[in-house]
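There are two complexes below, and they share subunit A, which is joined by subunit B in the first and by subunit C in the second.
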Partner chain A sequence: MARVPYLPALLLALLLFLGNAVLAPALLDPTNLARFLFSALPLALLAAGQTLVILGGGIDLSSGALLTLSLVVAATLFGERPLLAPLVALLVAGVGGLVNGLAVAYLRLQPLVATFATGFLFGGLALWVLPRPGGSVPPGFQDLFAPTWVPPTCFLLLALLGRLVARSPFGRCLYAAGGSPQAAYANGVPVPRVLLQAYLMGGLLSGAGGLLLLAETGTGDPLVGQPLTLPAIAAVALGGTRLSGGAGSVEGSLLGALLLALFRNLVFFLGVPSNLQLLAEGVVVLLALAASNTLLGRRLWSG
Partner chain B sequence: MALLEVRGLRKRFGPTLALRGVDLEVERGEVLGLVGANGSGKSTLIRIVAGLVAPDAGEVLWEGRPFRPRDPRWALAQGIAVAYQEGSLLPLLSVADNLRLPFLALGRPLPARSELQSFLGSLGELPLEAPAGSLSQSQRQLLEVAKAMLLGPRLLILDEPTAALDREGVGRLFALLRRFVAAGGTVLFVTHRLGEVLELAHRVAVLRAGEVVGTLAARGLRPEELVRLMAGAEEKEEGQGAHEGAIPEGQPLLQVRGLVAPGLKGVDLQVAPGEVVGLGGLQGQGQRELLLALYGALPWEGEVWLAGRSVHPAHPGEALRLGIAYVGGDRAALAFLTRSVGENLLAASWAHFRRGPLLDLARAYASAAAVAKGLDLVYAGLEAPMASLSGGNQQKVLLGRALLAGPRLLLLDDPAVGVDPPTRTAFYRRVRALAREGLGVLLYASDEEELLQNAHRVLVLAGGRLVAELRGPELTREGLIAASLRAGGGHG
Partner chain C sequence: MERLKSPASRLGPVGLAFLLALLLLALQALVQPTPLTWSQTLNLLKIAAVLGLLSIGQTLVVLSGGEGVDLSVGAVATLGAIVVYNFTRGQDALFFPALALALLVGLGLGALNGILIVHVRLPPLVATLGLSSVVLGLILWVGGRERGEVPPLLVRLVSEPWVLGIPGVIFLWAFLGFLVTFLLRRTLYGKALYALGANRTAARLSGIPVEAYVVWTYALAGLFNALGGVILLGHVQLIHLTLGQAYTLPSVIAVVAGGTSLSGGVGGYGGTVAGALLITLLQSVLLSLRVEEFGRQVAFGLILLALLAFYGRGRPLRQ
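So, the complex of A and B:
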């Protein structure tokens, strides 16, 4: 059990899927399933990026804002330069990740506060680029994600990316740096560089999340991403990643994101009043975390 | 030309001058022993050579060329590998991943699994896939050594590699080191075990208060001479032999019947007030689990009476309230290194210093200062950070923490591991004095000398059971070894 820390998330996700299948069977239709997965992708991308940062012992409170920034940049540019727009959006997101990485790994600022601040920075830039909802998306871009096989493939690619990272030299060094930076340093691991790379990849994944959300909604909204930051962190925790770093997996976080999305879908179909949805979500996240801790047998001190 | 030469190395940490001009040469192909009391600067010297700490003044020459390792990566790339006493393992990574990490960091091809396996086989049993954090202290130590040796370094620095090893482990390690040196390797061997350093080293350098006070050929050297050089003044290790005193009589303070816990298969024992009871045997036979169970840190079943009252501590807080205190040798886990000495002393006893809803800090700190004084603590003040203390003094703080909780029973879990002989002597002098005041003590120590010198009687464990009890004239090194091995089965 301890070797597969995302097993509880997997079980819960299956349980919720069954719940959906019984109470909201429309989800089982391939088109609806693809649409559901597509809508869960931005959260999954944020969670994947967040996982890398958290594995390295950090946290990124700016990821939702960075998603917004990339989204509005793309939405603004799509009208004039349809081919360049996504690239520039990703470039901006990468720079955002680098700023986070420099602040945390080289300036040694506390990640929680540093990314809280850069979150406002990115959010402010997004409002400056696009003060009110607008912008446009060429239909061709949205069509890219229309085939039913695309969203599941995106999930599989993300899982593959997680696998690759975990097996790469960078990934092994990231786990080491997050587990104990001093020990990693003593073993010759270039800790600041590894953390910088993690924040950079986190930024790029947030940027990709922005592009997908734009493809889904079809319009630029300068406030759309921020509410996703904390659910993404919850997805990481639900997926069995230690929030203090050094242990966990991207695959687990993807399951965590799916789990949250499945729950929202269920609540929506059950017609729970919207003011109670948040309450229900909070209770479920707490229960899920408690269940996985119990299943994994985590203890305070075992001597 | 020496392989490594150190000239006039100085380093200051805040108010403490750790090194005040160290000169040292390590010749190619030799084993140079480095001994010194805790706080004499051994660790700082190693850390400078390894690139973890930058010196304030002086220089390091590697093959005659000035060399200023900027970070550990650089020193590793030059062929300087350190087996640290603790702290360079990643507890969440597997043994195999820990072994591979320096290769990854240096961008070298990774050793194959089979290579890891055969290399570990020559050192001792280590499960390749287990997380390093689940290993015992002796296994962790072997892993540190294995990690450094696997890199094939030109200079291997070993910081207290045997502190948590038993005889068998030491034998295997020494055989491996002799082969390493025969193949042209060079070793700097830092230790408190003077017998071992004389057995292995060609020369021995003695550090005292941040200076090398002598470098002697090991042949024909006697441990007493080294101790004299280390201490400066005449200071003999006290072989008081607690067991020669009268064994206290009367109602047992602690009575244990049929205690079953992970690693323990039913243990009965008694401790009288004023008695120091040792736990012996090979390593990992349940000694530590017994102490942790009594401290409520492991789930257990059975019957325990403390001063005639049936008790069942389910967690350490409850054990402390009952008057059971624990002092372990795993400082990394038990000390709050970034907090002050005062807070570390008071960590288990704040509840005693309540005044209404708040704390009476003046009274708390006065008590802490009194305890620190009783322990002859060497420190800059209660506000000094714990990390500024030497290992031996940190250990005294942990003992002080236990004492402030007002215990009736003291559980000592290898409390002097990696502590220099003079400080260890002082530590146990205090423990014996506490026993004379009526405290009961259960003591586990990986060094059997510590048991023999300080326990009234020794219970030998094997496979989670008590297999022998030694007292009076049976309490000898030979008797203890024979009883541990006679149990058989457990070792391999």
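So, the complex of A and C:
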């Protein structure tokens, strides 16, 4: 049990998938399944980036705003320079991640408030780049993700990437830094640098999430990403990652994101009245968090 | 050897926040075309009072330590307001029973937060966020369908002037502020709260029932949040489903800007008062300067970062 901390998430995701298969069988159609996975990808990317930051002992409340910033930058540039746009968007997101990392790792600000503040910064910049919804996406960019094999491949690649990062020397340092910064530092782990790199990767993954969301919606919106920050953190927690750092996995967070998306799909297809959907989602997420926490018997609360 | 202290650090975070707030008030008087009037100052105070009242619970929770933070402030406040709105339907006679019901709902939801944190061992950020989404669901389910009205008594209590043109909400803020400060400084509960915020293990070893105190703190915070929501209802005098939402994160900033440490055990409500004034005046100055939405957000973020850099920094690992 302890070796696979995302087991509850896996079981729950399978259960939800079965539920969907029985009650909303349309999901099983390959085209629909691909579309479903594609729509879950931005959240999955945010959750993956958040996982790296959380593993290192930080947290990133600005990830949704950073996703928005990357999205609007790409949406404004696509019209003139279609090849450069995604690169600039990723660059901007990377710089945002670096700003977070510098504030948390080198200025030693409390990650919760510091990234909340930088979230305002990124959100404000996004409003400056694109004050109201607009911008364009070349059809070619959207077509990149149209084949049914692309979204599942993206998920697998993300999981693989997470595995590789965790196994790398950087990953070892990341887990050590998140588990106990003092002990890691005493053993020669460059804790601030590791955390900075984690925030950089988190920023890049948020930026990639922005590009995919843009491909899905086809238009820029300066407020689209912020509501995704907290579901992404919920996905990380559901996936068995310890929110105080040092234990967990990117794979688990991907499962967590899929789980949330599957649940939303199910609630939608069951025809739950719209004013009850939010309540149902809230209760289920809270119960799932409580259950995975109790099943694993982990002590998240230091005391 | 003791290092020489700069004047700013001798002032302490609370004094610094008050000083900054005063500077902002002066700046506000400078940037606006008309001179600063008494009624305008009162209006600014009124806005700060609502934020200050909605940050009482947050102050208690942050002081309790253990990464304590309450992200359900807005949702619980909205629910409290909706309870009063729907239950009284504008009748003054029903106001106090409705208020009691709202406070009870807040207390219960806060206690649920505490139980999720202490017994299910969820981190406070996740537990209160999860509860917040449940409460938002409840609000959407309950709040949308019934028609109510704001009881005139509540409006008189909150928005209308008591003496010297000072509206009730400012008196309520002062009264509750003293009450909370007394609670923190002079009661057994307050002493225990600081002790367990500073070091839970030490608090437990010295015989403080840590679990019970944490649950009670979150319950109390829920009660204050519901009360803040009811006062907010009297302030804006209309209800909507996201009434309190905009106060959740500013309440955290007000607490932090007032020098209360997010790691718990250090600070007090005086700092939160200064923080609430600071945030309100900052927003007002930015509005007067006709800074656009993006500029306001960027300035807000930068100033928060600067405040944090000034007194919210952690220790280097070398020490």
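In this section, the second predicted complex is superposed on the first by the 297 of 303 C-alpha atoms of A that agree within 3 Å, B and C clash if a C-alpha of one lies under 4 Å from a C-alpha of the other, contacts with A are read in each partner's own complex, and residues count from 1 in each chain.
Going forward, a residue touches a chain if its C-beta (ideal position, glycine included) is under 8 Å from a C-beta of that chain, and two chains touch if they have at least 3 such contacts.
Owing to the predicted nature of the structure, the values given are computational and were not obtained by experimental measurement.
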Which of subunit B and subunit C A:Tyr175 touches, first, second, both or neither: first
First (subunit B), second (subunit C), both or neither touched by A:Gly119: second
Of subunit C and subunit B, partner touching more subunit A residues: C
Contacts of A:Gly246 with subunit B and subunit C, given as first, second, both or neither: first
Partner chain(s) touched by A:Val22 [first = subunit B, second = subunit C, both, neither]: neither
Partner chain in contact with A:Gly282 - subunit B first, subunit C second, else both or neither: second
Partner chain in contact with A:Leu83 - subunit B first, subunit C second, else both or neither: neither
Partner chain(s) touched by A:Tyr185 [first = subunit B, second = subunit C, both, neither]: both
Subunit B/subunit C common contact set on subunit A: 182, 185, 301-303
Complex contacts: residues of subunit A adjacent to subunit C: 59, 103, 107-110, 112-114, 116-121, 123-128, 131, 181-182, 185, 191-192, 230, 233-234, 237, 243-244, 275-283, 285-286, 289-290, 293-294, 298-303
Touching residues (chain side subunit C, partner subunit A) in the complex: 66-67, 69, 116-118, 120-123, 125-127, 129-138, 140-141, 144, 200-201, 204, 210, 249, 252-253, 256, 262-263, 292-302, 304-305, 308-309, 312-318
In the complex with subunit A, residue positions of subunit B that touch it: 50, 52, 71-73, 76-77, 82, 84, 87-93, 97, 100-102, 104-107, 147, 288-289, 292, 297-298, 316
Interfacial residue positions of subunit A with respect to subunit B in the complex: 169, 172-173, 175-176, 179-180, 182-190, 242, 246-247, 301-303
